[in-house]
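Two complexes are shown next, each including subunit A; its partner changes from subunit B in the first to subunit C in the second.
Here is the complex of A and B:
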């Protein structure tokens, strides 16, 4: 016996969650097979579709730019409909917690480094800080939180030519923590509104920031304004400051990423998707061109999972859906073909932010998102791929990582679900 | 990707570099376990720190990233001792699961803790004596259960509890778990051992200390359920799995117990037996900590053949169909997944399965740690933090429809009962009710 489902989605990130939700919509019985905690907790929590192609951009309309993408880009496989379907699934999963669904136009979101990122969906807490609205802005950083330097971020934004004045200030937190305290500790202190000398964390923070304000009409903080009670924290700060308060998405550990992970997993639960997490898929058994069983390394022993259809959504080089050594790049679970130059020195560009070949490494999908072998034939008739493991997109430069995951996840999940329930 | 840059030295061609590449052993003189790859894999994303339940409530605790890779690196200097904060790690092992880069955090913590206790801790200190007693619960329980009623009366006496706290540093806030009047092994012997014999379906039961001395009904349920599926169950002699010993840095004690367990269980594997545990910390210990920490003949084999009970039946039987056809009287459960079960990927199996059981309403009370972490919450100085960690779980239990708790872990069940007053069941007990 093996643990048996209609559709097995291997992976735990945004592509895997989307594929599982999409497959569940067809009525299939779906299981998500995730290894470690999702890489979403390393991510900003922003959801982009397309911001740049090479040196062109930022685009205001990501859909209008699709035709200019290289022909092996995964967006050409799934089409505009696939992207829209991915966004629909995302919007339904996160509800009011995200904004941006009212328009096709990219929003311009302030990042931790003071750059401006074209983004399709963004957390509600980020919304008041969009650079498209010409409100003078105060950015607030905290002593001891070295990742966010508010004055530098403000200078970057000014240099980028944003249509408003922006100042940055570093303040002392009302409560002192150990010098390398985690962002979650700051967030909890605000959640609980802990007592400090002169009042509570929220009130003293508001007083400190108010003293630094000089006519600004909004105030931005790094995204650590509360965890379980984030809305109450923002509301109280805004109320005390008399202007809207927003969050600037952070690097890891990212509270916005953690919250997105929670929302997507809640949506999976609501959709009846089963979840097995904590162990990696490492091998498989196939017969006659079909994968029959996926084998999971459950602490040095293999546990079999059976399904009619499989979706591979294990991520790219960062998420470890692709592996490399000094000679080869490979897809480690099913051994799918990953084209790459023979000479390792052609994998990367000498410039750190240059046009790296490795950024586009990944499996090569056919028109049903099935990974293909060197001859262009599907490796297995019941294996599809979604997200970072799919090659052809330079998601970091294009600002398309979430969009590619959502779109390929939605299409791969739907096709797998339809096949399984036929 | 620095090694992917074009070499600046023109005589060093890429090919030559590839062919000649050889990892340099920087610490060649060391005979200890080489944890360097673990330290090197850490890129300081702090995902482990965010997942740490102790760091969340204990502002003095520097967190798993420090306890693991950073401390390991600091320790390369001869004059650096292990920091005493290692004793505040509860060994929940959640950091293992959080790390995106494969750093063996709990293994690093266990070795650092062992070294701290060996080399830094005063063996006459109250803390050492107390920890040794807690770590060797199995021995204590063996004595206690010889006269269970007397022991229960004495340990339940509030004066004794006060003395335990003042003299030993064992919290008086908790009631000692009661010893059963008949241990599991006494019951097993009385019934004459296995009632089912099979050449094909054979399991050896690792009951651990708690279901032997305190909750024999869990052990009995295991036997009856497995026998109902036609398994031959044997119950080899065994010692503590080692979990409380790891958590207190008593690695010598743990290694002795492991030696006996490996000897008594690994030999059964060639005869077709798989090893089944009902406690998720026992199965975690046999599967992960044994091969990580000890080099004993047969230990890898034991690791590869050990399963948690429900996990085993889900893989080897059509448990879901059996459950769908069964029914029990109406009951509602608030289920908590123990951290050690979570780390084996077992955190959702009970809810997934019992949702299909007619008559049962079961709800997961969230992914927080219960806070007791074996012996951690029994320590007087850790009691308050233990209850703070558990606060989320208590809250979710109160809001769940059921007023009976469910979990696989004996100490989580103590904490659940302590925080809510609910009765706590093991999934095997419900399985027995449904199928036997």
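Here is the complex of A and C:
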């Protein structure tokens, strides 16, 4: 017997979670079919909506710029209401772990490369570091952490014209680790406040940093200040230093991204969404233009999942929701049409930060977010797409990745739920 | 006191650095100038094959004999640059028996150990060989790291008193009274290591003798001196795989042709190659069909290559030469021998000799021949010692001991560091604490990066070729900025940024030839990390825009002043703004 639901969401990232939460709001019985760890572990944990279009930006008001987006941009399909609905679902899911919901205005957050970037929602641990707040800042890096060089980042921020003084200092971690230790190991040591010579990890770190302070009114660290007990770690450091402490989002493995993933899955649990994880959707059965079952590869046995409505949220190239070979770009689960230049050398631009066609690869949605074929007709009447698998947005350069996922997830999930529960 | 005669060597490839070492060891006062990095030209753009000579055993036996001799020499003096993988000449059913027999006979005539393996025996050595291969000849081919080899030669030359100037292009050859007396060099950023942002300088360097060892560029240097050097540059593509599908050099056993060799190299395999004459050694088309040809043809030998992942492709130009009037049509028929062109006897221009042709495996022998020639010209009586004295890094064969405890490195990292550093491991790894891994794909630690910076200045591409950092699967996605960070605090932030941009763009160039499948996904991730997470494409420190910080959310309940921002920075796009600026906040976001 097949497993049967109203709405089946294929994918496990931010778009899939949003689609599932949105569908669940309609009262539908929803299942999330996640293959493996989402790409959130590689993401900063910031939630961007729109920062740039071509050479324009950074936008302080992401909504004001929407009309300038190219015609085939997914934001035009979901509209401003769709974006706002995605943000609402997100804000409700993460609660006060994130900030930025008090305003439409973008924040400029320090990146670990020493630049600033516009974003709509940011973790609470990032909030005290916003660069529009003119507080003099001390950035702290660690000798063994090559990703973030605090003095370089501080000078970079100064070159970026931030409205405050910023200094950087590199300190030795209170505890030594092997050469290939991951940031998670540092975070755990702070979580557990492990004993080290001269005190505990937190107290010795605070003493070391305090000795470097010179009137700064906030102190920033790479985002590794604890994992399970991050708030306690921050509070204790802030308390000992006498100024607010903030985190600078990092690249992979990104603790902020991983924490966001946990929060989203907790929200799915709370919303009663069923979760099947660990195995990929590989095939499907369709009849009369409708998908009837999605087949999941469970250790060489194909298990059918039945649903009235399907949401495809398997991600883009990074999440392997899109596949390619030397001639073609494809969507591997349902075989949806993915337009692309014939010559693979036109998929990318010779300039590393140029206008790459690959950045916009994805399925072409109709006005209900249903992937369409080469003639513009929906492939299946009950299949919708959300997130990175949807084409048309250069989410990297626009700084719109999370926003596109939230908005398309919210709309695809709601339409699927409404359709299924009619 | 007599001053040693001075020699100026042009070209920092294997030949030039080999000559510099040889002459410096003979006590001459040597200066080497190179317009890019060491290995910038052809040396850094080859497949890294240490020839047994088998490839030339039928067509060019003199070259084959030189190869097997030098193969043995390099194993002795450059152990830390060589991996003796062994090699196979594999015959497919459609390949001729007659040629197979000729190859075997030729190897034996040239003194190259050669053993016939049945198809089963060959597949025991290389399990991924095609099921239908007929048989193979086993020869002592190997892999050699051309970067490490050049760097070691240059280091040895410096130890013997030579001066090495990279990023220093010869912009004129100085001729006085009908004799070459030196060169004019334009240092890109002053003499010494390359440093971003430092102004260039021009220097005239006089020498008792000039050696033109610029390979495919020899004609251009010849032009500066007013002599014709008829180099016929021929390009070849090399495609790098993400892993070692084979651990042995695999050659196709047939007369000649494109795409007939797979060389295992460090963590990768390199597929090669093509042979096509080009006009300009620095400006020629690099095209997708050449990459396709490598994959499609070589998968006849190793079928799994068809679906395997490539991480980039690059092209090199061979410095082929043939004496005037030979007129060979097909570049594959041009001899691989090297030629010593004494411009005194040839062009009536004393003071300079060019060396052209040849190949990496015989670089040391070429260097010896030309050094003998230079010494004869200068009346110096000194023996060549380069065949006997090991290169720095290869002096000591106790390097196989386990370095894990010595350097607090996990064993895979320690092992790979020691493989690269050879006998320099103690010196390099000993002093850095903490010593984090900077490049995870290639297991390169901070100590190695810092060591390479001593000669690299701020040129991260030089760091890359010395250490392999950023040359692995992720192509620098995770480590480019880490490498740049290692330049601080010696260099300022602006320099760090400029160095990072150069390295990132250099990596991108080769990655574009591998952008499909898994590697396109990898590329997309790299793009997301550097563009989305770090916002490097819109870095306000680089982009010419003023940001109105006050217009953005500062975290307070008032938020930022979006209307102000729109007039300053956002409205340039002509975008429609909503009439009012009310903040329709979501959940409880206020702090």
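Here, the second predicted complex is superposed on the first by the 422 of 422 C-alpha atoms of A that agree within 3 Å, B and C clash if a C-alpha of one lies under 4 Å from a C-alpha of the other, contacts with A are read in each partner's own complex, and residues count from 1 in each chain.
The working rule: a contact is a pair of C-beta atoms (placed from the backbone, for glycine too) under 8 Å apart; a residue touches a chain by one contact, two chains touch by 3 or more.
No experiment lies behind these values; they were computed from the predicted model shown.
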{"item": "Which of subunit B and subunit C A:286 touches, first, second, both or neither", "value": "neither"}
{"item": "Contacts of A:3 with subunit B and subunit C, given as first, second, both or neither", "value": "first"}
{"item": "Which of subunit B and subunit C A:68 touches, first, second, both or neither", "value": "second"}
{"item": "Which of subunit B and subunit C A:277 touches, first, second, both or neither", "value": "first"}
{"item": "Which of subunit B and subunit C A:196 touches, first, second, both or neither", "value": "neither"}
{"item": "First, second, both or neither for A:171, with subunit B first and subunit C second", "value": "neither"}
{"item": "Dominant toucher of subunit A (residue count), subunit B or subunit C", "value": "C"}
{"item": "Contacts of A:357 with subunit B and subunit C, given as first, second, both or neither", "value": "neither"}
{"item": "Which superposed partner A:213 touches (first subunit B, second subunit C, both, neither)", "value": "neither"}
{"item": "Touched partner set for A:232, first subunit B, second subunit C, both or neither", "value": "neither"}
{"item": "Contacts on subunit A seen with subunit B and repeated with subunit C across the two complexes", "value": "39, 42, 177-178, 180-181, 252, 320, 326, 343-345, 347-348, 350"}
{"item": "Contacting residues of subunit C [partner subunit A, same complex]", "value": "288, 292, 295, 408-410, 413, 434-438, 440, 445-446, 478-479, 481-482, 485-486, 488-489, 492-494, 496-497, 504-505, 507-509, 512, 515-517, 520-521, 523-525, 527-541, 546-557, 559-562, 564-566, 569-570, 572-578, 581, 583-591"}
{"item": "Subunit B partner contacts - residues on subunit A that touch it in the complex", "value": "1-3, 36-37, 39, 41-42, 177-178, 180-185, 188, 252-253, 258, 274-279, 296, 298-301, 303-304, 320, 326-327, 343-345, 347-348, 350"}
{"item": "Interfacial residue positions of subunit A with respect to subunit C in the complex", "value": "39, 42-44, 48, 51-54, 56-61, 63-68, 84, 87-88, 90-92, 95-96, 98-108, 111-118, 121, 124, 127-128, 130-134, 143-149, 151-152, 155-156, 159-163, 172, 176-181, 249, 251-252, 316-318, 320, 323-326, 343-345, 347-348, 350-353, 356, 358-359, 395-397, 399, 401"}
{"item": "Touch list for subunit B against partner subunit A, complex", "value": "1, 3-6, 14, 18, 21, 45-47, 49-51, 55-56, 59-60, 62-63, 97-100, 287-288, 291, 300, 303-307, 311, 314-318, 342-349, 352"}
